[in-house]
Amino acid sequence: MPTIIEAKNLDLWYGQKQALKKINLEIPERQITALIGPSGCGKSTFLRTIDRMNDLVPGVRVEGQMLYAGEDVYSPSVDVTWLRRKIGMVFQKANPFPMSIYDNIAYGPRIHGTRKKSELDEIVEKSLRGAALWDEVKDRLKKSAMGLSGGQQQRLCIARALAVQPDVLLMDESTSALDPGSTMRIEELMRELKKDYTVVIVTHNMQQAARISDRTAFFLLGEMVEVGPTDKIFSTPEDKRTEDYISGRFG
Amino acid sequence: MDHNEHKETRALSSSRRAYDLILRGLLYFCAAVTCLLLVFVIGYIFVRGLPHITWELLSTSPSYIKDTIGILPNIVNTVYLVVVTLIITLPLGVGAAVYLTEYAQNKKLVAAIEFATETLTGIPSIIFGLVGMLFFCQLLGLQASLLAGSLTLVIVTIPTIIRTTQESLKTVPQSYREAALALGSGKWYMIRTVILPSSIDGIVTGCILAIGRIVGESAALLFTAGMGMSMNNFFGSVDNFVHSSGASLTVALYVYARERAEFDVAFAIAAILMILTLVINLAASLVGRKLKKH
Amino acid sequence: ACGSSSSSTAATTATTSTASSVAETLSGTVNTNGSTSMEDVMGSLIEGFKEIQPGITVNYTGSGSGAGITGAQEGTCDIGLASRDLKDTETGVKQITVAKDGIAIIVNPANPLSDLTIDQIAQLFNGEITNWSEIGGNDAPVVAIGREAGSGTRDGFESITGTEDLCVYQNELTSTGEVIANVASNPDAIGYASLSAVEGDATIKALTVGGVAASEETVLDGSYVIQRNFNFIVSDGTELSAAAQAFVDWATSTEASELIAGAGAVPVAE
Amino acid sequence: MGAMFFACGIIAIAFVLFISLYLIVSGLPAIWEIGIVDFLFGTKWASTAAEPKFGILPFILTSIYGTCGAILIGVPIGFMTSVYLAKIASPKMASIVRPAVDLLAGIPSVVYGLIGMMVLVPAVREAFNLPDGASLFCAIIVLAIMILPSIISVSETALKAVPHEYEEASLALGATQIETIFKVSAPAASSGIAAAVVLGIGRAIGEAMAIMMVAGNVANMPSLFSSVRFLTTAVASEMAYASGLQRQALYSIALVLFVFIMIINVALNTLLKKKED
Amino acid sequence: MPTIIEAKNLDLWYGQKQALKKINLEIPERQITALIGPSGCGKSTFLRTIDRMNDLVPGVRVEGQMLYAGEDVYSPSVDVTWLRRKIGMVFQKANPFPMSIYDNIAYGPRIHGTRKKSELDEIVEKSLRGAALWDEVKDRLKKSAMGLSGGQQQRLCIARALAVQPDVLLMDESTSALDPGSTMRIEELMRELKKDYTVVIVTHNMQQAARISDRTAFFLLGEMVEVGPTDKIFSTPEDKRTEDYISGRFG
């Protein structure tokens, strides 16, 4: 599989504090890559560096390179709105806008210039189908998204991200606040999605990583300790620290 | 996904860029207008007022024979208004807040009282002035006097005291109440020894805000407290205390600016009022910050 | 309730004798309220009185003659002040005249005119003359500045010039000082104000009326026709407090004449 | 002790009831005597004329025009400034501007009146070549400035209360900061901003002293550059000397003003309640 | 041992909801009685009925009798301040007043009329010694109680309760928020206290109940299922539900 995202010697500081240390990591296209590691090790930070959401944090400093489709996301020629359109993100807490379901999905396309009602209708249906939510909400598209259940809201957020036709989907603990049923549905969905999209997930749930990811990267204290096919990481990790973590000895 | 399409749609479309630029421009423009206004109002008052604040102005009464102006009586009148108003409004307001948070059982009554306080907050000063003049000056026979002014201001300030006290009473942990009651304390003893001391910050904030309101009030005072400019000896006799009339600083500003065309004096008073406001705001935010820490 | 509740007496023997021959010392507060034309006169009287009765504080609130009369009727002050005489409809109070005062017709110093007839004045205020050039002034609109309806000055002015309810004011101001300040700042303005407040003020110009300049002499001898009385208004029913009575007695005695004249009005005590 | 606190608690209600009843009892007779139509829709106010006229339409319209004008100017500027403070300004800049806005909010209204009459009125006279600058226009400007601080601080609070997640979601979809602010944050804060507007309306319609100093106070039908009287200043300018029917009519004006304020209060309450839900 | 507290056919409703159902329970003097049962079964409610702290909850209704020293606590002749003085209470979360340590302890005695400095000094020392806290705080009696550690604060609350010389001490999960060290100290203290006081504790910690209590009562869904000597309840309970609960089958 060709690499779509690649970190090269990536360092990141929040003010004085270094949160990422010389990260080198390749993420292949159309696969699910899981980032695991104990709390505070820098998983979210890495994820948010890919689509430059860290720009919002005052005092962030980045060195090294983060390549998307071969181009450094921090190069001046890259427009962040374009970047973020190509790289969708789903957050830990479902965060639908306080608008109707329809408007939530149409938000992105509208921003990017799609105005025609018929086109929008089509995108909304397609995205909701893509997020396996269409059947549940097709009768109440004009109702507020806040009325959905937690799991539905999270799938809505996935649909919203799909509506702008990204290449990559970043998901930061996107199922950790959900009940097992909803989690299962979203995991199924991810498996479905990887046919068309590159998916990067952060999870604290070792079983989840083992269940659905193709490759797993283990982070510790800002360093990327080990990366490899998920089977291998979980069965025969090379690094002692990875083994300790996976077997539950710390974290 | 097609790579060429990436290249084409990479930069912001021109309509998006225009939207961005125009709104951003408007934002900065409006913020600049506000800032300029701030600078102008504050600067203008200080530039025109500060040079005329002299010791003589602050320490004398006006004299027609000598043709001099002093605002000492107005300062003293303002202090009278603040002190007398607070002495009455504070127990009432704190009492009402205590009732609302500690005693009231009837939800409807609580809602009614809260609605009433909010309503009082919204009533314009001129209506307070009208009702105050009728009720206190005329019906109670207080004449246009500082006492009538203070009583009117009690109605004006009571919602502030109630609200801030109530807010801080609500932050007193329930566990303090349980602890005190479990030791066999009566309710009033508990309120006095534990609840009120823990919410002293809110009460102080309320006082500061009330002082701000009193110092800035004019419409409600014009018709209830009169415009006397001479020094009153409040403590000379009960009569003096009850029925001296007099202008507060704000009313004096109005009189000097409107009726006497003494603009320098008016601006000097304006600058003094501005400094007072600054001090009051500062004090309120300091106490407020302390409140947050708890 | 006007007088009775208003004052306490240190020396219980309140006299109603005329002059305040420095005999007894009283104490208390006397609130006076009303005519803004009387501001200078009252200011001087209050200060003069303080010297002989240091225990009494007299407060003055300038809110217009109408307010003074209403205040005396309703007891919101001890002594009402009015720069006009009481009307028949105003009952329950009586007036005590302290002085006479002219109503000066004032324009901006930039105005080239210096004399008007009563008729011209009336026309300027009732809207028949709308441009100064009609009577030989600059080519500029007439800005007539008036007083509020309760004003004694307005009452005196309108009744003498025969313009009751007819005036077209650009601006209705609530005090003598405001009128002066407004005329001083507007080159096309014309207004009327108490002579006592206008005398010695270089920011405005007082016109002669039918060739007669307003002054103490012309007011006293009646040749300056736009004039009226300065009155104390006191309640009929309730007696004044000792302190208030002492003030009234002293202010209407010859002892106060000099102060009244010094303030620009014409004393009437003999 | 409980009974005493109860009494204190009741006092606030007592005050409001007292004021309302007082205004109704003293305000209705004049309306009755003048006739409600003549009173509310009469265009001429001549309370001391030989044949007095008590029509308060000029005051009502002036108050409405004045308030609308102030809102039209004050709300956009105030809202935009609050957006600037909440979302764009650097923390340092915000920490300077915010206390200054608070200061503006605390300045007594006579001080605004003073600046208005000393700076604005002459400037308007010059600029528009008017015989006299004191006018509805000046009143509108002064009111707009006076309501600015409360609009800024209430809408800033509302904007700040918008969950950060909404903004993150929008940015992650490729929206720009400005698009995010105006398409997500502002709509999400809309009820708070509406509350700010209503609060501004309440302030503007109730203000007396400042506009007394700049509006000229003649009972004309309102037009932008003529001298006008508001409901508040109508009460204030004749209150001291009115008697008889004239005085009762002033109570009636106060009653009308009170009704306006109550409507605004109820609106504000509902908006704030809605925000809590 | 004579009975000091006795519930007879006690029913309690919060509004419509019945929280205690026909409770009959005797609590003997100078022993530690533990109340156990799953969350929501009414343990706290029962405890708070003894000293009438439930009076604070609006809409509470009680039927049946709660006797203290033979007298119904709900009879009109009983003064609640007297009752609460005789029956001290220690809460789950330590709740010292925001005053000095000294004033915390002196608070109760002052309510009940002790004003003399020397007397108060004596009570403060005695109570702090009784709560095994004297040595740790004797040098900083005038310092704020808020500066103490969690465990110290809880012992302070016990000392404060002792200062009014109660007969009975009610402790509602008073160690559940503490670290094991502090818990142990307080357990020792309870064993000490039962020489002079009757102690009633609510606990979720089965080991704790077994370790320190003399008698145990098991509550379930508002009913008192079984009561008896602690050994017996934990070894050979009569009721099947007690056995299930103790062996961890539910709760």
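We call the chains A, B, C, D and E, going by the order they appear; numbering starts again at 1 in every chain.
The criterion applied here is as follows: a residue touches a chain if its C-beta (ideal position, glycine included) is under 8 Å from a C-beta of that chain, and two chains touch if they have at least 3 such contacts.
Please read all numbers here as calculations on a predicted model, not as lab measurements.
> According to the touch definition, list the chains common to the neighbour sets of subunit D and subunit E.
B
> If every chain is reduced to the average of its C-alpha atoms, which one ends up farthest from subunit D?
E
> Busiest chain-chain interface by contact pairs, anyone?
B-D
> From the mean C-alpha coordinate of subunit B to that of subunit C, what's the distance rounded to whole Å?
Using C-alpha averages as centres, the distance is 36 Å.
> Where the centres are mean C-alpha positions, what is the separation of subunit A from subunit C, in Å?
That gives a centre separation of 84 Å.
> As a quick test, compute the distance in whole Å between the mean CA positions of subunit A and subunit B.
51
> Which subunit D residues reach two or more other chains?
176, 179, 240
> I need the residues of subunit B touching at least two other chains; which ones are they?
12, 16, 133, 258
> By the touch rule stated above, which residues of subunit C touch at least two different other chains?
63, 71, 173-174
> Which of the chains touch, listed as pairs?
Those chain pairs which touch are A-B, A-D, B-C, B-D, B-E, C-D.
> Given the complex with subunit B, which residues does subunit E contribute to the contact?
51, 53, 56, 58, 80-85, 88-89, 91, 93, 95-99, 107-108, 111-112, 157, 160-161, 164
> Provide the residue numbers of subunit D that touch subunit A in the complex, in ascending order.
163, 165-166, 168-176, 179, 183-184, 187-188
> Touching subunit D in the complex: which residues of subunit C?
63-71, 73, 141, 143, 148-150, 164-165, 169-174, 182, 185-186, 188-189
> Name, in rising order, each residue of subunit C that touches subunit B in their complex.
1, 5-8, 27-29, 31, 33, 36, 39-40, 43-44, 46-48, 50, 55, 57-63, 71, 74-78, 173-178, 180-181, 184, 259, 262-263
> In the complex formed with subunit D, which residues of subunit B make contact?
My answer: residues 12, 16, 19-20, 23-24, 26-31, 33-35, 37-38, 41-42, 44-45, 91-96, 98-100, 102-104, 109, 112-113, 115-120, 122-131, 133-135, 155, 158-159, 162, 187-188, 212, 215-219, 222-223, 250-251, 253-254, 257-258, 263, 266-267, 270, 273-274, 277-278, 280-281, 285.
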